[in-house]
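Worksheet: one structure, shown below.
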């Protein structure tokens, strides 16, 4: 349609999502209609959103003002390049998830437990629409409305199966932390309007126009870091994430981990680079430090999990940590006006957002298929699923390789860019920063390697080896819709992996918008197939060649071997060391696999272990790994609040004489004290 | 970047040379080790015989083996060939070199490691998973150490492209970089671990409790085993070449310098020969560690690498 | 101030003082029936002072007010309360929560506070009895205190009504009475309130077997 | 016929009628019908005032301007929906044997009288009459609270009566002082208590008297608003009375009391310098908010908890009006509307839920979503709305209050946010398990009236996203009048 601006199209997209959701209420129990008609429609709408965003990248920002909102503050919307990158992410990734969901919600009693499919459909599409609005919002009110609607709809999605107390608690924790975070964000906006005596203009344009002192700028940044960090899962407000992701149905986990966490990153970028209007170098250090801690923490805990979705959730924490590291690095470079390098780091951030959205959604969806096929979430009861579920298994492999940050898939590109960024940090004009920051690269490297460990554990224990439970033999592969969704995301992961140049050329508009400088020139100079952000002599990466080489060697080698020798295969039992009772139980359990990590990094974990003794009639071994933060932070806070409450409830002691006395004393005090 | 014919031929030659030389290097190390340990040495060409024999044999697959198990040897082999293709052994004029810089090289090794660990877990025997777990344990410690070694060098050279590193280092006046010394020690330790050598692993053992590499490939046979063994040789070759490129880059031919290329071949053989002997020496005078000493060993390597980087930043940035 | 204080003002001040005194007496009184009698006496004094104001200012509605006070506060309400106490067999003793001397001391302090608070306002007053506002405030405060320190429902109600007396004193003496419609409304409210309370007493006794308010301490949060 | 007189006459007459004939079969319908009539009259009156501006009635004794017509419309509306809700609710209570026919009659007649007193209190121009009507409202609601005649309800009613009686006595003293001050300016005439006259001379009122008067009025009416530490009657009365009564207490009576304070504040602001009244209200508001928030987490009874939530919101509104200025007043009025609508919707849902499960103890209520999805969703959405979750309108007003506070009273912001956060944690943590989970339920003899719940929530949702321009104008007008 000519004359229809991208922002209008996106508004129509949001409305379409809402309409699709509402259509779910027409026949709330008609699973077939909802799954086969509405969810694919939602996917289609998502693709439209993605394409529109892709098309609008590089064009000037568009704004719109809606007739709704507060009387003095109607909804302001704005589609600029930063938003467009994230809308692209939202549209493309959610399309895959929606397609998958069309197949996932097919079973009555599965996925839709407790909540009618129609209601689920409403919540799901409301969630999508609110995320889109978060990305488009251009004033604090619209942003907060969209932000909290997003939290709310995802909360309902998380508690879809609300019959389990654990799921309810997870939902509660999630919404509570989201709310606390939202409060911090609101405060941050307030500070950015100038606080006391400020303009009080809550449009983003007003915030941009506001000149803040360094102190208040820092306050705004730290509040935003806390608020968005609470949504993204940064330490120490990460605790909801490993609870909520496993509790939610898999498409929802995928959407939350893949897309929703990125909206928090979007918000942080929006505030730090666009709204607050200044950058101090130590902000970067704070973000970097928190990011490193988060990444380390996330990956450590990911390796020791025994629940597949919890493992992925902790892995998300790790990835968000890496993204925060990237943001920190960008801030540091930006503060010293080293814009080319800041652009490098920021590209790494944006790229990792895209990459993580793709592969983590893919992995969560794979766990969904596994869950469907086996009704099992515990790693200790899975195994050998590559046999019955080859589609899921091979696509999961793509996700795992990307998740481990290995070439030639998507996760590697961003880690590579990030490390390249670190290589330049010794050039920082600050005496100790230029020494300390490169060391952070060592931690990033450690995190990446540990992520590999976690991913191998995840994949090996679920899909490889022997089946640990006999019931797994009946597992079936994913249905056509689910496959389509998985293939979509798998393809995305591959594309992001092998075409970094092309993609960076597109998303560079956002970098240029935020920093005034981008990588596009360099990338365009060296050709679309090559990624050389500075110059090919300095560093280069050609994933397409890389992949082609390995595939060619693989095929050529196979052809040659068959040609020169033969292709004969014989089957026999596995070698049993002469011990005939080797069953599936001889394999490593999930706990066993991560035992070295637990042993090496023991102080990081809070463990409760039970060892069998000789006298046990039914000997067993168990280990429970808990988060230190519960005991260091959350329980003390909860206890303090409870203590205050107990203290205060004494005021309501039931005696009317005492109540009268309150009134009496208040009156007398006011009479004596209150003077104008 | 132009794809000159000479460059392409040089690249092809480097790959063929790697494929050919790698088993020889393994044989040489084995022979040296036998000499040092006072036992009769196998023939120098023993690895070739073995590969030939294995390729001839039927593949015996366990019942539970999946398609991943069968694909893994090819992937691993492909990764190692790629690694050898981009590490300058003779010449820095390698058209494939921009495909992956030193960081991506670490990624290639990581990819191979993930596949071999997964393949080890695939059959579902106790050894396979044990091997996979230990391999990943070694990997997550060795990989960052290697990365930091490369980082240190890259900081000196201001590039992560291996070819540029070699060119720059070879052209520089001889300056003693203390950081390079640290990095070199760390690199050696990492190489030992990565190539399943004593003191972290013992390539010659099949004693169950100490195996790492062998535990994973226990179920492989025939051409699959041949490819994996060949890939292991290639890995050793690649690491050796990488070490040479990073720390002894002299003699590697540069672009469009045909004569130097000819001179580079004997020089490479000489350097590899010395390197192989030293490796055998290290393996002889050390004893295999307990598996839980390995993290300490690699932790030390990691620490040395970071220390090297710090030294670079502290001392040499001022220069 | 050398000006001769007019008789009416002297009378009003006198009656106000008597009301204050009666408030103290009520605070010290231990027996329920005596308390009601004192309340009736307070009402009667209030009637007298209202009458004086009415005569002095000649406002007709103050006469109605005075009549209303007489019937309601001096006769009707005490009568209702008397009946209630007898019908409900309330024990004669009133057990205070705080002992009487302490209550009195607090009462003295309250009077001082009230006077202190009312002093700047009294000086602005153009009416003949400028001091009465402070006294009225003190009566309100003392009634408040009585409500706090007594544990019988009936005594709390008497305290409540005594507080209304204080208010009424303020309304008539200090301001020469509120508009008629308001006063009627106030009177109606008080009457209805007492009737409702009367019904309440029976229900409370039915449910708790006592009019002791410490039975009614079960709704609480701690 | 004059709509205003009609509006006051309908509840008065139907109240009297119901006192006599409240046991007839058509009585519940009459109750709804009368409320509908009141609402229609109020709506018509609103249209009239919005179109023609303020007007007097009964001489100058009654005065309707855009400020109180807003409260009138709200009161009549919630009165109507509550009467719709209370039909099946009370029938169910009677079916369970908790209420006898005479009590039902008492309920209906008192309900209408209560509506009358509130509407009269809102529209009167005479501050003395305002006091009389407030006292009368107390008396009617005391009877409503004690309707069950259980020990607990009697105790609650007793506390309510005594505490509010004493409170309102203080308000009377304040009114007398106000009269005393006004008399010096306006002379000893009947006009000295008429707000319209007072407001014209507010600058001449003696500050020293006005300070005292305002303190007494604030403490007095504040008791009824539920300002801490004068709030103690409120949770008891809400928890032990019938649920429709809790709904109107929370949704309407507190508003009316606050309205009284607002009227007086306008005068005090004119007379006393340095924003004395505003500061006092801000202090009370914050204290109340904080205290109520911490009370919430210890509650076991669902109605009691929402009563504390009402206290909390009254604190917030008081704070907003205390800040003063067009934006804050607007936000305060908006928040009052939102709170009334939302809280009464919650009480409707809670009422049905407690009837279905037979208990008010939250730990024993589970799985409302399964018992009746509409009640479950109603309670869930209502709770989220009252907690200030967008896109519901409570958030809109809280947003405005918070942003205004950030701009002008930054020191208060952390306290506000702390309280809101604590309240969120407490309430949501308790409601969520009630709504979710598994349970057994019994059937009720009379189908519950769900419509009011969703009508209210729909309005709240709409106002969160879009406030109609005429409503905005009207609110602005009212906010301007508050200064």
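Letters A, B, C and D mark the chains as written, and numbering starts fresh at 1 in each.
Here, contacts are C-beta pairs under 8 Å (C-beta built on N, C-alpha and C of every residue); 3 or more make two chains touch, one makes a residue touch a chain.
Just so it is clear, the structure is predicted and the values come from calculations on it, not from any experiment.
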Compared with subunit A, which chain's mean CA position is the farthest off? C
The distance between the C-alpha centres of subunit A and subunit B, rounded to whole Å, is 35
Approximately how many whole Å separate the CA-defined centres of subunit A and subunit D? 44
Where subunit A and subunit C are represented by their mean Cα positions, the distance between them in whole Å: 69
Taking each chain's mean CA coordinate, subunit B and subunit D are separated, in whole Å, by 78
Please output the residue numbers of subunit A that touch at least 2 other chains, ranges allowed. 646, 649, 651-652, 656, 660, 671
Residues touching two or more other chains, restricted to subunit C: which are they? 117, 144, 147, 156, 213, 216-219, 221-222
Flagged in subunit D as touching 2+ other chains are 158-159, 162, 166, 170, 212, 235, 295, 298
Dump the list of chain pairs that touch, please. A-B, A-C, A-D, C-D
So, in the complex, the side of subunit C touching subunit D is made of residues 117, 120-121, 124-126, 133, 136-137, 140, 144, 147, 153, 156, 160, 163-164, 166-167, 170-171, 174-176, 178-179, 181-182, 185-186, 188-189, 192-193, 196-197, 200, 203-204, 207-208, 213, 216-219, 221-222
Touch list for subunit A against partner subunit B, complex: 383-384, 386-387, 390, 393-394, 397, 400-401, 404-407, 412, 416, 419-420, 422-423, 426, 434-435, 438-439, 441-442, 445-446, 448-450, 452-453, 455-457, 459-461, 464-466, 526-527, 530, 532, 536-543, 545-546, 549-554, 557-558, 561, 564-566, 568-577, 582, 584, 586-588, 592-593, 595-597, 599-600
Per the touch rule above, subunit C residues touching subunit A in the complex are 97, 110, 113, 117, 141, 144-145, 147-151, 156, 213-214, 216-222
State the interface residues of subunit A toward subunit D in the complex, per the touch definition above. 67-72, 114, 116, 140-141, 144-149, 151-152, 159, 162-163, 165, 168, 171-172, 175-176, 179-180, 183, 186-187, 190-191, 193-198, 200, 202, 641-642, 644-646, 648-649, 651-652, 656, 659-660, 662-663, 666-667, 670-671, 674-676
What part of subunit D is in contact with subunit C in the complex they form? 61, 126, 128-129, 131-133, 135-136, 139, 142-143, 146, 149-152, 154-159, 161-162, 165-166, 169-170, 172-173, 176-177, 179-180, 183-184, 188, 190, 192-193, 206, 208-209, 212, 235-236, 239-240, 295, 298-299, 304
